[in-house]
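Two complexes follow with chain A in common, the first pairing it with chain B and the second with chain C.
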Partner chain A sequence: MKKSPAPYVSTTNACKLCKPMGACLAFRGIEGTVPFLHGSQGCATYMRRYIISHYREPMDIASSSLGEKHAVYGGEANLKQGLQNVMAKYGAGLIGIATTCLTETIGDDVPMIVRAFRKEMGEAVRSEAIPSLVNVATPSYSGTHMEGFQAAVRAVADQLADLRERTEAVNLMPGFVSPADLRYLKEILQDFGLKGIILPDLSETLDGPAAQDYEKIPPGGTPIQQIRNMGGSRATVELGRTLSKSATAGKLVEERFGVPLHGVGMPIGLRETDGFFQILEEIRGVPTPEKHRAERGRLIDAYVDGHKYVSEKRAVVYGEEDLVVGLTAFLVEIGIQPVLCASGGRSGHFREAIEEVTRDILPLTPLVREGVDFYELAEEAETLSPELLVGHSKGYHLAKRWNIPLVRVGFPIHDRFGGQRILHLGYRGAQHLLDRIVNALIEKKQADSPVGYGYI
Partner chain B sequence: MSSICEEKLNLEEETEGVDPEVLKKELLEKYPTKVARKRAKQIVVNKLASCSEGLEIGANVRTTPGIITQRGCTYAGCKGVILGPTRDIVNITHGPIGCGFYSWLTRRNQTRPPTENDENFMTYCFSTDMQDKDIVFGGEKKLKAAIQEAYDLFKPKAISIFSTCPVGLIGDDVHAVAREMREALGINVFGFSCEGYKGVSQSAGHHIANNGIFTHVVGLDDSVKEGKYKINLLGEYNIGGDAFEIDRVLEKCGITVVSTFSGNSTYDQFANAHTADLNTVMCHRSINYVAEMMEEKFGIPWIKINFIGAEATAKSLRKIAHYFQDQELSDRVEAVIAEEMPEILKVREEVRPRCQGKTAMLFVGGSRAHHYQELFKEMGMKTISAGYEFAHRDDYEGRKVLPTIKVDADSRNIEELEVTPDPERFRPRKSPEELERLAQEGFEFKDYEGMMRDMDNQALVIDDISQYETEKLLEIYKPSIFCAGIKEKYVVQKQGIPLKQLHSYDYGGPYAGFKGAVNFYQEIDRMVNSKVWNSLKAPWQKSPELSAKYACD
Partner chain C sequence: MNTDHSVIFQERKDQIHRKGEEPFEISCNKESLAGAVSQRACVFCGSRVVLYPIADALHLVHGPIGCAAYTWDIRGALSSGPELHRLSFSTDLQEKDVIFGGEEKLTRALVELIDRHSPNAAFVYSTCIVGIIGDDLESVCKRVSGEKGIPVIPVQSEGFKGNKREGYHAACNAMFRLIGTGDTTGISPLSVNILGDFNLAGEIWIIQEYYRRMGIETVANVTGDGRVDDLRRAHGAALNVVQCSGATMDLAKMMQEAFGIPFQRVSYFGVEDMAESLYAVARFFGDRDPGIMARTQALVKEELSILYPQLQKYRKALSGKKAAIYVGGAFKAFSLVKAFRLLGMQVVLVGSQTGTEEDYQELHEITDDGTIIVDDSNPLELSSFLKEKDVDVFVGGVKERPIAYKLGVGFCDHNHERKEPLEGFIGMLNFAKEIHASVVSPVWRFVPRKTAGRRG
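Up next is the complex of A and B:
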């Protein structure tokens, strides 16, 4: 295997975002929640701006707006005042507090401050009108937005989940997927006759309808009452092969309440989706509904039809680790050669996961790079003559430089319209991805030909 | 005799009789007492200039925790706003990855390198990507290595370092590192202590950035550009290509722009800025202090100009011509205005019947909320409420209040540079006699009277508006259009009111100068006359009798 080049000291054109941003996204997927950053107000502003430019939806994040004085003496008073103000004006059901590098560096003890705040609020906290408070430590000098996202999901489970009564519900931790993916996952669960508790659920909160009456906190998101009874569900399904083996929300609910955990890869492409449906069949004890079997059949039909356009094409795939693993599984199925699978993340499970999903099809594991930025990615990829890029908008400059198509997936997408509606998961998502990839390659072929063939 | 001050509202028609004082009370109602007291100072019902004695607004004060604000941080103001549009300096963010990532190229600030081979680092995002161990053991070593690496890979003219929150907290000395690397590499390396927690908003970051450029770059290159009338354009950031249009107009008039701070700018332009003969200031907030320092150090006078709005553009051109006291220039300026105006008037007349009487609100920036009122006025639209995100009192009330502004702990945090005349480069551009003559002709230097003076009686002026106040305002005033940024865009549009982004122009533009005015008229006409919100209700919801009838069937 090719040796990794000498690592650079600095990060040039990063392929990852910061930890508190991931936490804010996860909090946004819980009903009635206002994400709250304990730190300088710039963090909230930057992250809001970034998230909004992808989703084109409102995204409020409150901040404790610390100044120099607080950096020296601690941010306790600001955090408490901030929580009170959010409570007064937002009618939040939950405030999700994430720390930032500022408050982690000065060592503010947020769990302690929150406990003190609860105590000060006294009786009021026990009343239903007062929001729940969940806190998570997200220093951005340790891990990426995905670690922040998963940490927030785990913190929610840790601080809210309980066992009130046994139910037939299934907990589903989907990871960071699009609102379109989440709507489709709900449809699948419903078709199986399963009641799902999807944590988090961004499907409505970050892709809501135009409404006559504006609500400060958008409707949708995982109902808090359901989270409170996650311990009573009959099973948990957690998506993502690179998740920490010990510290996930699913693992926590299993250990604390005995809810059996099924970990599967993000269901992208045929085989990973088969694995997902199989688990649903097991849990529910019924075969996959006809509608989805038909979609699977159509997908295989399309694999056959599209093969001549995509076979042996050399692709570079980048983004969050679980997404890249899923995409790689899909790409090798359709006959594309992923010459480089890259991520800014560093979970430690990336290479192994890529091996697992390519083993059946490829004689050799593709080149895998974790913890890379786009500068390193470009250096490496340049020697591999890629013909296609699959990833988010930040790879555009490479697509332009190499004059190859970029099929946009994941987050962030800020140079195309409708990023929040891209479907990646399941048989239907694979169908969409296949269509888009085939058409991107055809378009390139047409654009490169001086003749102007209109029949390809 | 009843004074004009007590006369009825002159915005009564546009606001359908809403009493702004009552509205103000309503805005404050839900706040806890202490917060309400603070916000009360920042929400002001405007009065005509002649009656504005004692009218004062609270500005440049800290945002209350938990109140969702438009404001960003000091780092954002320094790295993103001021140095963001400069293309040939390698800007390294010293900190964890987020800050660098979020300030990585957008289409907001445009740039135009003369050839493909000219350096352009704007598409890059350099970061030291600090990790746990850097926070614990210090990040200076990593920073040095990163600077060396950037130099080895890109050989830039200059490298600058931007500090994020943890840097100041762990005590990394970015300035010492800069000095050391400057000597080691033989290129200009300079650092900014622009930690996010400093100051009350990005305005502090603008100040830190401009101080840094003034200290480390301006005055390094004495070569004098060709051109008879040489000016600098200060506080113009080339949003949506504004600077390109302004350059076009100025060039047509025969006026040479030596340096723009900092739209479409380069390192060499900054180094050479002291050779211009006049500083023209667009955004007073972000740069008036640089104009002051350049006058002190190099003898370049400054005037306030505004290229937003066709009439304002014409007025600004005439003012520049007036300064140079040259008939040839004045004739040329008049000829350019005469040539550009017909197209503008044509489009203006076209859109006016559809826009007349509609209302606008502007909550943005440190100058835009003021400047864009010009364009709305030209279209026959009224501004019923406006405010800045990060401006200071002088931007609202005019420079006359400068001596009375209290210096608080946050302002003291930002270094005020001691500037003295440069022994070699100081050169007064006008003799005392010339200045006397200009004064007699009514020409004013350093002339910024602020936004409130240009606004209507009873218009509501709100500093650092919060999300909550925005929603209330929309609910009660129902303006035809709301101008702010992307954070507000979808909140406002969900309520059925179009939002025009004036930070990024929604990636449209230019809106400055003459061509820009035409673009703006057409864009606003499209937005305020959109019919899409009529479709919110489905046809069957619109005619209840029909659905009732079906229900009975």
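Up next is the complex of A and C:
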């Protein structure tokens, strides 16, 4: 295998986002929660703008809006004032406080400040009149938005989960997936007769209905009462192969409350979805419901119908590590050659996970690059003659340069409509992805040909 | 319907004025209130938006990845030539850089990128964290400039050092270092620099063409479709025409002081302001070119004779509708108020992120009784005002869009995501078309705000 070239010092067109962004997204998936950034005002505003452009939904992120004097003397007063203001105006059930590079560097001790704040609130705390406060350290200079996302999920479990009563519920930590994916996961659990505690759940909060009022906090999200009893669930399922190798919320709940953890890959494509359904079968002790078996059957039928359009096509796949692992698992099973699997993340487990999902189909593991930006990705990919890109919107400039289709998945989708409704997971998601990939290749063939094919 | 006053913070009451209810007074230019979810960004944002359209310069963000990632090609500023500005460069600071200092990484990144792209100058943006760890940007820039033979200019844009306004100032300071370093031979006595237009959707080309028809040479664009060499010789222009006064007025003042170049405030939005801007410039050059006023009048007449007949149908459909405006700089709001008036519409809410007392005074003068004037607002206030005033269309940027849409109110993006020019006479037509397209859409009849009470 080719060794990585000498790394560049500079980053050009990053293929990752910053850590607090991930934390804000995760917090948005918890019922009644206002994400709160302890830092300067710009961070919150930039992230809101970035998230809104994808979901086309309100995304209020509060900020402690630190100014110069706070950078010198510490941000404690502003953090407390900000929390109070959010309590007063938003009626939050939970405030998810994430730090930023500024407050991590000036050394604000957020857990200590939060403890002091609770004490000052005194009576109100005991009467539960003030919201729960969850804090997470997310210095932007270490890790990507995915580490921020997972750190927030873990912080929520750490600071809220308890064992109040044993239940038949299943904790499901889906990772960062689309609202459409989350709605589908809920449907699957329901069809299995399983009560799921999905943490976080962005399905309503970032893809809500038209409303008569501007909801201060959008309805939906994981109910806090359910999180408080995650320790009583019968099992935890956590999606993501690279994730499973780190300290996760699922592991914490297992260690602290003895809830058995099942770590599976992000269920994208047939085999990874089979793995997911198998876990659900084991947990529930029933076979996969007929509806889903039928979908699986139709998917295989579609694999056959579509294989000639996609077979041996050379694809570059990029994005968050676990998403790329899932997509790669899917692409290799329909006969596409992933010539490069790339991520801006650097968990250290990316290559291994790609190996795991490709080795029973491919003789050689595809080229894997972690910690890349789009400059390195392009440099690498240019030697590989890709015919297809699979990833988020930020790779569009390469698709344009190389005149090849980009099948948009994941986050962010800033140059197309409906990013929040893209389905990636499960048999149904694989069906959607397959249809879109086949059609992208057909469209390209049709557009490039002078013939004007009427049948293709 | 009344505004829900419970959404308004006590601390913010004097930043909201209702015309006619009491004598005009408004508090502004304050730090944003912690926890209030301000729509403002930061100092870095201010610098970045002003400088980034300089297309042949390298724009290196010294900081963790977020600041660069969220501003990658963010505003769609167009270039007629090089497009280096559309790439997102970062030093992507990591934990060890924060501990040991980022100067070495910055130096190496600069050298690497300058060697790779051969830019005509480099701007190095400071971010929050750089202000804390104390990297000496000035000395790094000086050293690399000496080594590479191009101007390498630090931009003191630490995010926490104020709001966007301070960022504008830092950008002007940075640009001012270039001005006066180029050869001004051959510049026409009838010449201007266009300040405060960023060529979103190609608008500066429209304005340049007007000036060309008047017989005026454009020396430098500041900064839309901007070039380093043009900035270097900008001191050879006879007049600075300054739009978006917040962003580039500081530069105009510096140039007046250093080079004796007078400036003229202009606005290219709406018919009235567009025509008056051209006349003001014509008056300035009247002594040098007695024919210029006649040419300008002919130009305006010609443009209006094309525009007015086309505007009529929009005016007819929009007359009596109610509009709300919330933009970054108040200056744009003046023109928008007039533009809406031309369409027969009534502005019932107008606000800005960074207006000054004089700005709000002017807004107070040009708006009707009952209009809400607001400084540094937030989603809860804005949504409440939109409902109270039963607004038909809201003009703002990406962050304001979901506020309008959730409530079932039309919207016009007057910032980052516009793809059709809104400046110039043609811009007025595009603006009318866009407002019309949103307001007359049949979708509003289905939204809860309109159907509430009609069906269950």
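We take it that the second predicted complex is superposed on the first by the 452 of 456 C-alpha atoms of A that agree within 3 Å, B and C clash if a C-alpha of one lies under 4 Å from a C-alpha of the other, contacts with A are read in each partner's own complex, and residues count from 1 in each chain.
We adopt the following convention: a residue touches a chain if its C-beta (ideal position, glycine included) is under 8 Å from a C-beta of that chain, and two chains touch if they have at least 3 such contacts.
Just so it is clear, the model here is predicted, and its values are computed rather than measured.
Taken together through their common chain A, the two structures put chain B and chain C in a clash. When both complexes are overlaid on chain A, the residue A:244 reaches neither chain B nor chain C. When the two structures are aligned on the shared chain, A:10 is found in touch with chain B and with chain C.
Shared-chain residue A:159: touches no atom of chain B or chain C. 8-14, 16-18, 20-21, 36, 39-50, 52-53, 56-68, 70-71, 78-79, 81-86, 88-89, 100-102, 105-106, 139-142, 144, 208, 210-212, 214, 216, 394 are the residues of chain A that lie in the contact sets of both chain B and chain C, per the superposition on chain A. Put simply, chain A touches chain C in their complex at residues 8-14, 16-18, 20-21, 36, 39-50, 52-53, 56-68, 70-71, 78-79, 81-86, 88-90, 100-102, 105-106, 139-142, 144, 208, 210-216, 394. Only residues 8-14, 16-21, 36, 39-50, 52-53, 56-71, 78-79, 81-86, 88-89, 100-102, 105-106, 139-142, 144, 208, 210-212, 214, 216, 394, 397, 414 of chain A touch chain B when the two sit together in their complex. Contact residues of chain B toward chain A in the complex are 30-32, 35, 62-76, 92, 95-104, 106, 123-132, 134-135, 142, 145-146, 149-150, 164-166, 168-170, 195-200, 202, 409-410, 413, 467-468, 471, 485-487, 489-491, 493-496, 533, 536-537. Listing the residues of chain C that touch chain A in their complex gives 6-7, 9, 31-45, 60, 63-72, 87-95, 97-98, 105, 108-110, 112-113, 127-129, 131-133, 159-163, 379-380, 383-384, 387, 397-399, 401-403, 405-408, 416-417, 446-449, 452.
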